[in-house]
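What follows is one structure encoded as C-alpha cells, with my remarks underneath.
Letters A, B, C and D mark the chains as written, and numbering starts fresh at 1 in each.
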Amino acid sequence: MKLPDKTCRIEEAIARIGDGATVMVGGFGVPGTPMTLIHALVEHGARGLTLIKNDANEPGMGIDHLLQAGQVSRLITTHLGLNGTAIALMNSGALEVEFNAQGILAERIRAGGAGLGAILSDIGIGTELALGKQVVEMEGKPYLVEPALRADVALIHADRADTFGNLAYVATAQNFNPLMAMAATCVIAEAERLVPLGALDANDVHTPGVFVDHVAELSTISGEYGVVQR
Amino acid sequence: MKLPDKTCRIEEAIARIGDGATVMVGGFGVPGTPMTLIHALVEHGARGLTLIKNDANEPGMGIDHLLQAGQVSRLITTHLGLNGTAIALMNSGALEVEFNAQGILAERIRAGGAGLGAILSDIGIGTELALGKQVVEMEGKPYLVEPALRADVALIHADRADTFGNLAYVATAQNFNPLMAMAATCVIAEAERLVPLGALDANDVHTPGVFVDHVAELSTISGEYGVVQR
Amino acid sequence: MVARAAREIAPGMVVNLGIGLPTRVVGCLSSDFPVCLHTENGLTGIGPPLAPELADRNLIDAGGAYVSLVPGSAVFDSAVSFAIVRSGRLDLTMLGAFEVSASGDLANWKIPGKFSPGVGGGIELAQKARRVVVLTTHTDRSGAPKLKQACSLPLTARGCVSRIFTDMAVIDVTPGGFALVETAEGISAAEVAAATDAPLAIPDAALPTF
Amino acid sequence: MVARAAREIAPGMVVNLGIGLPTRVVGCLSSDFPVCLHTENGLTGIGPPLAPELADRNLIDAGGAYVSLVPGSAVFDSAVSFAIVRSGRLDLTMLGAFEVSASGDLANWKIPGKFSPGVGGGIELAQKARRVVVLTTHTDRSGAPKLKQACSLPLTARGCVSRIFTDMAVIDVTPGGFALVETAEGISAAEVAAATDAPLAIPDAALPTF
C-alpha cells in the first residue's frame, strides 16, 4: 500500500474551473491567501464566479485581481473594508455580497466539510444579520439555521505539502485554509515547499491529504505574499 | 504579558467533581484514555455521574473502574461491545445508556465546544437512531437536530503539555480528546510530559491552552496504558 | 473471497475496511498498490497490522488492532475522521453483515434482546461511503440465509449496499434485486440460489469463478 | 483612557482587544503580567506589535497588524478561534463603538448608506465574551454624543456592554442606565453629563479621576 501522488501543474488544475463555479479561497488578510492560484484563475478567465472568502484582500492583492477582472458575480464574506474595489462594485450592484459573522462563516464551511446540513446558532439574533433566516426552537430557545457551505473548488495555501496532499500551515496563515480544504469537491493546494511522502510527520499534518485533489509547489514566493508596507 | 501557569495536583483538580456531574472522558480504546485521572475519580468517589465517552473500555481498564464502583448512572456512548460489565449494567437497568452514531457523537461534542446549539444531520434517518429526534426541513430535505453536548468536566490525556495547558497528542491517542477539551466548563488534562512554556511550538499545538483549566504531569505510565495482550 | 473482495479496490481509492472479515483484505494488497486506508478513530494511511511485541500502544484501528503507518500517514481527531466519511471523501467501505436485503438495506449492528453493543461508526460508513460492499458468510452459523428479501433486524442504513462477497458468490444489488455475478470455485448457481432467501437473477452466460 | 482601560484586565484573563483604540491597550501591559491575548484569525498569546522590517509575513492579528508570539503561543484555524469566543472561554473583550445605548446595546459595524464593510467578528465578540467593555471617544468627530438612550444604527449585539471607557469618563451600564464611575483629570461630572445623550447617574461622593 502506497499513497497516491497528487502533484500537478497549477494551470492544469485551475483549468478545471468552469464559468459560474463556486470557489472558496483561503486566507485572512495576506497570510494564507493562495496568491499564485488566484493569478492562475485570472489567466484562466472563468467568469460569473461565486467566491467564498473571509475578506476581499486589499487593492492589488489576492482576490482583488479577480474582482478587477470582472470575474466575480457574488461574494460570500465577513468584511471587505480594506478593499475599495469591492465596496465600489457592491455599491454599484455589479457584485452581490452576502455578509456573515466571521465565526459563523467558518463554522458553515466546516459543516460543509463535515457533511452536515447546517448548524444551529444564536449568533446575531436581534440584529439585521438574522433577517430572513429560518429559526428553530430547542427547549424553548430560538436558534438560527445556518446552512452548511460547500464549493466546487477550494484554493488553498499551505506552508508544506507532501505528494499525497497532506498539508501543514504556519502561524496565522492557517485561518480558513483547513476548513475550506475539507469543503470542496475539488481542492487545489499551493505549497511553499513540497516534501516527499513521510517527510511530514503524521502528528504534524493539519489537513489530511484525503481531502486534497491537486497539490503544486510554488516556484517563487512573490512580493504579494510579503509584509504589507502601510 | 506572560501566560498563566495551570499546573496542579491531580487529586486537587479531581476533587472539584461533584455527585451528579457530567464528565467527558477522552479515548477510543486504550489510546488517549486518561487512566490516571479515572483512577483519581474512583478514589474521590463522586457518584451519580453521567459519562460521555466513545466506548466503555474493556474489563479492568479505564472507565470500567467507575462502572464497577457503581459511580455511573448514565453513559452517552457509541459502542460498549468490549465491556461485559457495561452490558450487564445496561441490561439490568442500573446503567442508562444513550447510543450515538460515532461521528455524530464527535460532532455533538465539538458543537458544544464551539458554542453552537446543535447540528443538523441526515445520519440515521430511516433507522431506529432517528426515533424521538426533532426533525427540521431545509429545502425540502429532512434533517435530525442533534443537540450540542457540553459537560461539567472533561478528563483529557495528552502526550505533551506546557504549563499554560497547550496540549499535543500522538498517533490515534488524539481521537475524542481535542473535541472534549473544548466542550467542558472545567477541563483537566494529564500529560505524559510537561514541558516549559515555549517548548511546544505554536504550530504543533493540537488543543490551545485557553480551553484547559488544570494540567498535571503523569509520574508513571502504568501498564494500563500499554499494549493490550489478547 | 477475501482475495476476490480485494480486487474491488481500484488504484487511488480511499477505503475503510470494517471489523472482522473486511480487515483481512489488507493482507491481499501489495506494498506498491496506490490506495489510502482510513479508520474511524482518526488515521489515514494504515500500514500492515503489528504483533503485540512490535506494536505502538498509541496506534490502533477502530477495531482495536495494532496497526502501522506508511509514508504519508496522517492522524487527526474523530470528528475530522467522520468528516472524511460524511463529506464524500471515502470511495469505498467494506462491511460485515447480519442481513442484507434485496434492495440493499444493511443490518449489522443489533439483534434485539441478544446483542446491542451500540452502532459505533457503522451507520455513517454505510450511509455515506460512495460505494458500500459487504463481506460475509453466505449463511449464519445455523445455516440460515443472510441475504433476504427484507431485513428483519434493525437497519444500519437503507439501500446502501452495492455488492456482496460471500464464501459462495459475488452478488450485486440491482434495481431488480440480487443478481449473481460470480461463484466460488466448485459452487453452482443453483446452490447459491438455494442459500439465498430472495429471488436471485442468474445470467444465461457462464459465470466467472473465484 | 487607554491606560485606565488596561487596568480592567485581571490577572489570568483571556482577552480580545478590538481594532483601533482597544489594540493600544497592549502597550500598557507589563511583560510579566499574566494574561492571554486572543485574536480572531487564530492566535492565543499575542506579543507586542512588530515594525514591518522585523515582521513575520505570516503573523498578523485580525486587524492586519504584524504581531509577535510569546512563549506558549498557539495558532489554530478560525473556526477554533471563534469556538473560544462562543463557548465562553473569552473573559473580556474591548471593542470600539459608534453608539452605545443606556441598556448596553452596541452599534459598531454599519452606517447605512455610508459605511457597510461587513460585521467581521464583532457580533460574536460582543454577544459571547463574558465581559464586554467599550473604548471610544465620548463624542464623534462632529461633537455628537456616542452614548445614547437608544442606538439609531444597526446593532452589533443587544445589552452586551458592561462598561465604557472614553476620553472623558468611565461609565457603567447598570439596570438603571448609564452611571458615572470615574472622570478624566480636569473633566467635571456635569461636562460628562452634558456630552451624554441619556440620563447619567452621578454618585454623591467624590469620583476618582484617571
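Note that in this section a residue touches a chain if its C-beta (ideal position, glycine included) is under 8 Å from a C-beta of that chain, and two chains touch if they have at least 3 such contacts.
Predicted model, so just to flag it, every value in this text is computed and none were measured.
Common neighbours of subunit B and subunit D, listed by label, are A.
With steps allowed only between chains in touch, the distance from subunit B over to subunit C comes to 1.
Comparing mean CA positions across the assembly, the chain most remote from subunit A is C. For the interfaces A-C and A-D, the C-beta contact count is higher for A-D.
In whole angstrom, the spacing between the mean C-alpha positions of subunit A and subunit C is 35.
Distance between subunit A and subunit B, defined via averaged C-alpha coordinates, is recorded as 32 Å. Per-chain Cα centroids separate subunit C from subunit D by 56 Å.
Our note on geometry: subunit A versus subunit D, Cα centroid distance of 29 Å, whole angstroms.
Counting partner chains per residue, subunit D has residues 43, 75-76, 79, 82-83, 85-86, 128 touching two or more of them. Multi-chain contact residues, meaning those touching two or more other chains, occur in subunit B at positions 107, 114-116, 121-122, 169-171, 202-203. Contacts between chains, counted with the stated touch criterion, involve the pairs A-B, A-C, A-D, B-C, B-D.
The residues of subunit D lying in touch with subunit B in their complex are 11-12, 14, 26, 29-38, 43-47, 69-76, 79-80, 82-89, 128. Contact residues on subunit A toward subunit C in their complex (touch as defined above): 1-5, 112-116, 162-164, 166, 182-183, 196-198, 200, 202-203, 205, 208-211.
Put simply, subunit A touches subunit B in their complex at residues 107, 111, 114-122, 134, 136, 138, 141, 143, 145, 147, 168-171, 202-204. Subunit D makes touch with subunit A in their complex at residues 39-43, 52, 55-62, 64, 66, 75-79, 81-83, 85-86, 117-124, 127-128, 154-158.
Remark: subunit B residues 28-32, 54, 77-82, 87, 97, 99, 101-104, 106-107, 109-110, 121-124, 126-129, 159, 169-179, 206, 225-230 touch subunit C in the complex.
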